[in-house]
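Both of the next two complexes hold chain A, though its partner changes from chain B to chain C.
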Partner chain A sequence: MGLAVCSGCDIGNCLDAESLCSLMAGQAEGIVCMHHPALCSEEGLGKLHRMVRDKKLDRLAIGACSPRVKSSFFQMDGVLVERINLREQVTWVMEAGSEDARMCAEDYIRMGLAKLAQIASPAPYVPEKIAAEIVVLGGGVTGLTAAVQGASAGYRVHLVEKTDRLGGYANRIHKLSPVTAGHTALCEPDVASLAALAESHPLVEIHLNSTLASVSGEPGNFTVELDDGAGTVLRAGSLVVASGWKPYDPSRLQTLGYGSTGQVKTLEEFEQFAGEGKIPERVLFMLCAGSRDKDHLPYCSAYCCGAALKQALYVRESNPGSEVYIVYRDIRTTGFQEDFYRSVQSDEAIFMTRGQVESVRQSGQALEVTVLDSSLGERIRLETDMVVLATGMVPSTTTDLNLQYRLGKGLPELKYAFSDSHFICFPYETRRTGIYAAGTVRAPMDIESSREDGAGAMLKAIQCIECVSRGESVHPRTGDRSWPELYMERCTDCKRCTEECPFGSYDETEKGTPLPNPARCRRCGICVGSCPERVISFADFSIQSISAMIKAIPVPDEFAEKPRILVFVCENDAYPALDTAGMKRLKLTPYARIIPVRCLGSVNSVWIKDALAQGFDGVLLIGCMPGDDYQCHFIHGSELTEKRGENLGEALRTMMLEPERIRTRFVEITGHHEICKMINEYAEAMEALGPNPYKGM
Partner chain B sequence: MNRSLPILIIGGGIGGITAALEVAETGREVILVEKAPYLGGNVTGFNNYFPKRCPPTCGLEINFRRIRSNPRITCIVGSEVTDIRGKEGDFRVQVRSVPEMINDRCTSCGKCVEVCPVERQGSKAVCIPEGVVFPAKYTIDPQICLGEACGKCVNVCPCDAIHLDADPSVEEYRVKCMIVATGWHLYDASRIENYHYRDEPDVITSLEFEQLLSENRMRQEKLSRPSDGKMPSRIAFIQCAGSRDLNHLPYCSAVCCSVSIKQALTLADLHPEIRTEIFYIDLRLSGRNEDMLVLARQTPSITFTRGKVGRISRDGEGGLLLEVEDMQASVRRRDPFDLVVLAAGLVPNRILPVLETGEYGFYTEKQAPGIYVAATCKRPMDVSSTVKDATASAMKAISGTV
Partner chain C sequence: MLQVKPDIAFKKELGRMSGASLNQCIQCGNCAAVCSLAPPERPFPSKEMLWAGWGLKDRLLGNVDVWLCYQCGDCSRYCPRNVRPADVIAAVRQKNYLHYARPRFMGTILSRPALLPVAILIPVAVIILILSLAGTFRIPEGPVDYSKFFPHAWLNSTFSLITLVFYGMAFYGLVRFRRDMKRVIPAPGPVKRPVQMLLPVLGEIFSHSGFSNCESNRLRKYAHMLVIFGFGLLLLVTLYAIVATFTGDYPMSFRNPFKIAGNVASLMIYTGLGIMIHQRLFNRRVFGKTGYPDWLLLVSIFLLTLSGTLVEWARFGNWTIHGDNAIAYYLYFFHLVAVWFVIIFLPYTKLGHMVYRTTALLYARSTGRK
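Presenting the complex of A and B:
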């Protein structure tokens, strides 16, 4: 094992690299040390590489800057490298030359070396037989686009459609909203040509009248049983779920006249009507019927404004004497659709009324509609032959996937039942690795948008197969080759890992014994944190590796007046915030010892108990923001930590320690001021509370 | 087709970064060219994203980590594509780079900043943006740097990273195909003459307001207006400032309503005492973004007025007077405000004439074979749609099918 300490970037002002090297070499056998005034310079790197080569090192601790910088400089083939952050987390945030800063730096080096002794280079997990094939569920525009794209990239695609015809909802479309420049003329639907492309592609296999009977296995190696009368069984590396949407149930809109008369239709019904050429002379469109309404659909379905404007043109084009009323709250024609809106507005027989329909009554052959006009502030009565309700989109259920997963048959649903991603910057983040939702099952969207979404989701499906074949994780720890290994002899079937894994990696035997599916794993380590028996570990992240780091820290006795707090920080947001604090030279207490973890949820309570038994005055856990707008990339890491904190409270009581000796806090990645304040104030509070009585025991 | 040639991504904003990563993680080689010295583009100036109001750096951090750990991505910053020749399967592109006055040896130790004598608007000639940046090194602003005549930074740099005499470079790369993700810039608000953007310091764009919020947050400062540094007590947001207007941008920029409401909500959290009023024609927040509108309507400090602001003038007491036609109440109002935020529209960034342009200067979806267009240079869209579109473009580049 080797240790290289850099004294550049003022690190040398904080510690004496030379004596530190001899100290470490003296403490552990077989450690080869070097130091250099600029380790990342050509000369420094040359010296480093020579040391590694000459001494045949396979493990190397580098005490220098944050692992988030100069990453490529310190990567060496066949060498396990541990970066020790002496710059951002010591030198730049502590008093130069102080004894406390020096002690802190020494501790970090001890921790790094201790960890290095406990970890190994991961041997990647690759499922035995990789299927470079993709199952697409749903033969609508989204699914068809996905299938054609995937096949064109050279992957075999199985397109599974429950009806006897490809095209989905788009088959019922009479005309499309204008898509070409100018945006005035309606376009002919083109789903038939898209379906023909899929049908004629040699790599697309179409399964009509078929549903999924079951999906089991893991990315790279799913087994998909079809319910198609023939018992077809497919293999797939990944899946795209494009099962589409259904209109909001109009029978719930009786106050708007639906059901009481045949002259009140939905957008979908009118589309068909128009296709059959049965267009009355006077039509009133009511937008947001049951949308943007807390009693119905609280969201905006994004497509209805455009669809209603298009249907208004059906009416106008069918009969020059026709009249159209459009009752709306806001017209939401974004982008170039605005041109279309403008052209519709210029038609003098289309009356736009900002307001709300209050009632629809039959009046002879016609309908009498009362509208509260919000511009005039008064009620107006309109007579029309037909009312069209622009009802919103409701996502189809994904339980049709019939996943044979311990955590359920479908994809987890987010707000308003869409199987969307929570992340603005990662719309295909999925909680079931290898299974990607696309189109209107993911979020309300129009046809153009669905095409893009089908293509995007197919890319992720292909990428997943490629990553799995390389034995690597997919987003967000892309490229990570470690995976959880279970020491089953000690497992007590408590089911915590199977319940807490955010990605449904673990299945279960009837007895409750966990059955890991490593290719489903996203390497967050939440299972490591969940296991009370401490049987789950990754090659480079384990109970032992973190325990060794904690044990490597000598805790000064109660008379030294040097309190110690242990801080677990999430690598994703809290750790970068600390680096920014370093860049800004903010102040950080030298009494804290920071251990980065994959996710706050990966913190096992044994580490906390060990630290307190070892005499640490307090343990602080800092993770990403939880709650409705959570920022945890592993969904519920921070929330789990709070939940587990209740059990830790019990441990504190049995140890006769004050409850404040364990604290959980949350920070945003931009919270560099906040995180320093959190750590500093906690250190002060623990100092005020007095030393942990376990010190020196 | 030469499968082993890399795929070129032009533009290192959130769209280009996404396209590059999505392609590279399928196992293909990628070259990413960005004209600025850092990756991230417009979003690096955002205070937060809608609708979650979470910081953009959170996702950028993950993406930068993905780039750092992926040997298949070659990142070329400070560079522009100046020529495209050849055809699908074997394009030859010329990439021109500005002089790399600070090279990769830089450790961001900050010694150069300490000695740099040039300061403009609180920033030295040598600087690094705050927070999460990629690549993590300093850059020199050649516009204000005194050059070799000064050279103080060169002498003090412990890593020999600074070379003020560095030359610009031109390299040619062979690529299989390319994704164009050049992004957007804000419409020039000074062209809306009645709003006096150019001569009234307290009339700012939504992007400037976003940066103001972001800087306040980074530096833990309170909101202050540009003219006199006082905290504004009444802020007006003018929607469709130049958008949906035949004299300016006839199209709808798709994001401005969400941006303004997000900003008003952010402000309401920070300073509930500041009253904000949003002047709009239609409020366009699709999908889940509608939740923000519901929340804003419940927020006491935020009011909505349907109407178009006719003109902005000075009220003589340091404030601004807005003349508004209130379409709801059918009255004309003249109201004082301390700060006016113009929700100006999105305009595409274009590069080479070889690419085909369609409506309103945006690139068309259909280009010569092997050229794919992604995100906001194709049509106005928000971040989430940008990422989705960029992922779709990665798919098309791999499949060779539009």
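Presenting the complex of A and C:
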């Protein structure tokens, strides 16, 4: 085992690299040490490589900068490298040359060496047979785009469509909103040519009149059974779900006149009606009909404004004497659609008014519409021949994926029932690894965005197959080759891991024994944290490796007046925030010892007990922000920790310790000031609380 | 409830006159938010913009609020879509002049650049006719004496009569205007007699208190004051001159206090007009479009004042060209035509705002509308 300490980037001004080296060499046998004023320089790296080669080292601890920088510099084939963050977490945040900073640096080196002794290089898990084929569910614009893109990239694509025709909703479209430069003229629909492209591509296999009977297996090796009358069974490496949307049920809009007369139509109905060429002279469009309304759809469907403007042109182009009335709350036209909006506005026979339709009633041949004009606060009455309600999008259900997963047949649903999507980082990513949501099933959008979505999701599906075939994880720990291994002899079938895994990696037998599917795993380690029997571990992240780090820290006794707190920080947001704090030279208490973890949910309670038994005065857990905003990279790691904290409180009581000795906090990646404050204040609070009675026992 | 029957022709006409793209309005209400006149319960000018968008003629003609506006240009300056509500309001006023003008053709003649020659020919023909009747339609001999060219009795009687006829028709228009104002925006509560409000309204007009709220253009207040007071002073001087023709104190000497006052007044008008013209030419962001009615008014007042000054100098200086002083009489003739454009055509031009605005203010204040 080797240790290299860098004294560049101010480290040397704060710490004495030479004495750190000699101290460590003296403490453990068989440790080869070196130090250098700039380890990442050509000379430093040369010296480092020579030491590794000459001494035949297979484990190397590097005490220098954060592991989040210069990763490629310190990667060595066949050598297990542990980076010890002496720069961002000691030098840049503590008083130079102080005893406390020195003790902190020594502890971090001890922890790094202890961890190195406990971990191994992961041997990647690769499913036996990888299927480089992709199943796309849904033959609309999104699915067709995904299929054509995937096939063009050289992957066999199975396009599964439940009706007898490709094209989906787009088949009903009379004309397209402008998509060409200028964005003023309506375009001819092109879904037929897209469908023809898919049909003629040798790598696209189309399954019409088909649904999914079941999807089982794991990324790289899914088995997909079709319900197509023939019992076709496909293999797939990944799936794209593009099952689309349906219009909001207009029968719930009777107050707006729907159903009482044929002269009140929805956008979809008018699209078809316009295609048949029977457009009346005066048409009133009511935007947001049953949208952005807590009694109907609370959200904006993003496409209706553009579609209504387009249909307004159908009316105007059908008859020069025609008039269009558009009643809106806000016109929401994003991107180039704004140009279209402005061009439609230049037609003086299109009257736009901000307000809300209150009633529609028949008056002879015509309809009489009462509008509450919100600018005037006054009711106005208009006569028209037809009313078109711009109803919103409702996502299709994904339960018809028929996933054979413990966690359910469909994709998890987000707010408003749209399918799962990690909309902050990777919008196509769902909690079912290898299954990507695209198009209107995951968010309301127009045709142009659907195309992009189809292509984007297909890229993720391809990336998934490639990653799995190398035994690597997909987002967010892309490239991670470790995976959870279970020591089944000690498993008690308690089902914690199968229940808590956010990704449905674990299926289970009837008895409740977990059946792992490692390729579904995102390597968050939540199962490691969940397991009361501590039987789950990764090659480089295990109960033992973290426990060893904790036990490597010599906690000063109560008379030394040097309190110690242990801080578990999530690697996704909290750790980068600490690095930023270092770069900004903020102050961090030298009494804290920081251990990065894959996710706050991966913290096993045994580590906390270890720390308290060791004499730590408190344990602070810092994770990503939980909640609907979905900032926790592993969905509910932070929430789980809070829940588990309740059980830990019980454990504290039996140890006769104050409940404040364990705290959970959340921070955003931008919260560098907050995280320093959290840790410093917690250290002060623990100092005020007095030493942990277990100290020195 | 407002029954809306869209009138595309009227909407297009307003768009054409204002040069504003009415349909680009997104009804955000910014214009009302920045307007210092807008009453909170009925946002001005956003409601007029909405009505203009529907082409609601019967809401815009006889609309009291458009006459309360000082045309400060704040709404245009802050419009996020550059629709220029101030220009739309100006066009609505213009539509009002045309609507209430009697005879109608006079309104038409004075609103179209193409008909300007006709507008000039009318006073030219009438003056020639009067001179012919008086038998003085020729250049007189001797030193310049305008009464030899246009005898005072003829001038005073005919011009007064003609003015009365036109103003009588204007009064008829005002009566209809007042009736419409009551219909479009009815009095919300008890109404005071307009006569009671006359003094406060005149005070408001002359103090220019409303102008002080104009954020976009502070100079305008002083420019308008200079012109209106200069013009008022000149009217007094003219009235005195008419009296003087009877008392024999005419023509006045150069040192006569009235004569001095007249010259000071013309200087005031030149200064005020100079500012106005300069602003219209170089401050487009606030003024937006300067249309034919605006230029017609500015230029005719300018020419009236200028020709008046020249006529005066020609008399005192006994101007001659090659020993012939006919130039003074030509200038005098020109001056009389200019009088027509400013004074007699008042009901049909933008100067009509003097009477429409005063009437509207009286209505507004008597109904408690601020």
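Everything that follows uses one rule, which is that the second predicted complex is superposed on the first by the 683 of 697 C-alpha atoms of A that agree within 3 Å, B and C clash if a C-alpha of one lies under 4 Å from a C-alpha of the other, contacts with A are read in each partner's own complex, and residues count from 1 in each chain.
Basically, a residue touches a chain if its C-beta (ideal position, glycine included) is under 8 Å from a C-beta of that chain, and two chains touch if they have at least 3 such contacts.
Please read these numbers as outputs of a predicted model, since none were measured by experiment.
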item	value
Room on chain A for both chain B and chain C (clash or fit)	clash
Touching partner for A:452 - first (chain B), second (chain C), both, neither	first
Touched partner set for A:382, first chain B, second chain C, both or neither	second
First, second, both or neither for A:668, with chain B first and chain C second	first
First, second, both or neither for A:351, with chain B first and chain C second	second
First (chain B), second (chain C), both or neither touched by A:680	neither
Which of chain B and chain C A:184 touches, first, second, both or neither	neither
Partner chain in contact with A:342 - chain B first, chain C second, else both or neither	both
Chain B versus chain C as contact partner of A:444, first or second or both or neither	first
Which of chain B and chain C A:69 touches, first, second, both or neither	first
More chain A residues in contact - chain B or chain C	B
Identified clashing stretch of chain B versus chain C [327-335, 345-353 or 363-371]	327-335
Footprint overlap on chain A, where chain B in one structure and chain C in the other make contact	331, 342, 375, 377
Chain B residues touching chain A - in the complex, by the definition given at the top	14, 21-22, 25-27, 49-63, 65-66, 68-70, 105, 107-110, 128, 130-132, 136, 158-160, 217-218, 220, 244, 250-254, 282-291, 294, 327-328, 330, 358-360, 379-381, 383-385, 387-389, 391-392, 394-396, 398-401
Chain B contact footprint on chain A (complex, rising order)	8-10, 37-38, 40-41, 65, 68-72, 148-150, 152-153, 181, 292, 294, 298-302, 330-339, 342, 374-375, 377, 415-416, 420, 422-428, 443-445, 449, 451-453, 455-456, 458-460, 462-463, 466-467, 470, 474-476, 478-479, 572-573, 576, 580, 583-584, 624-625, 629, 631, 633, 668-670, 672-673
In the complex with chain C, residue positions of chain A that touch it	323, 325, 331, 342, 345-354, 370, 373, 375-383
Parts of chain C lying in touch with chain A, wherever the complex brings them together	1-6, 8, 11-12, 15, 21-24, 26-27, 29, 41-43, 46-47, 50, 53-54
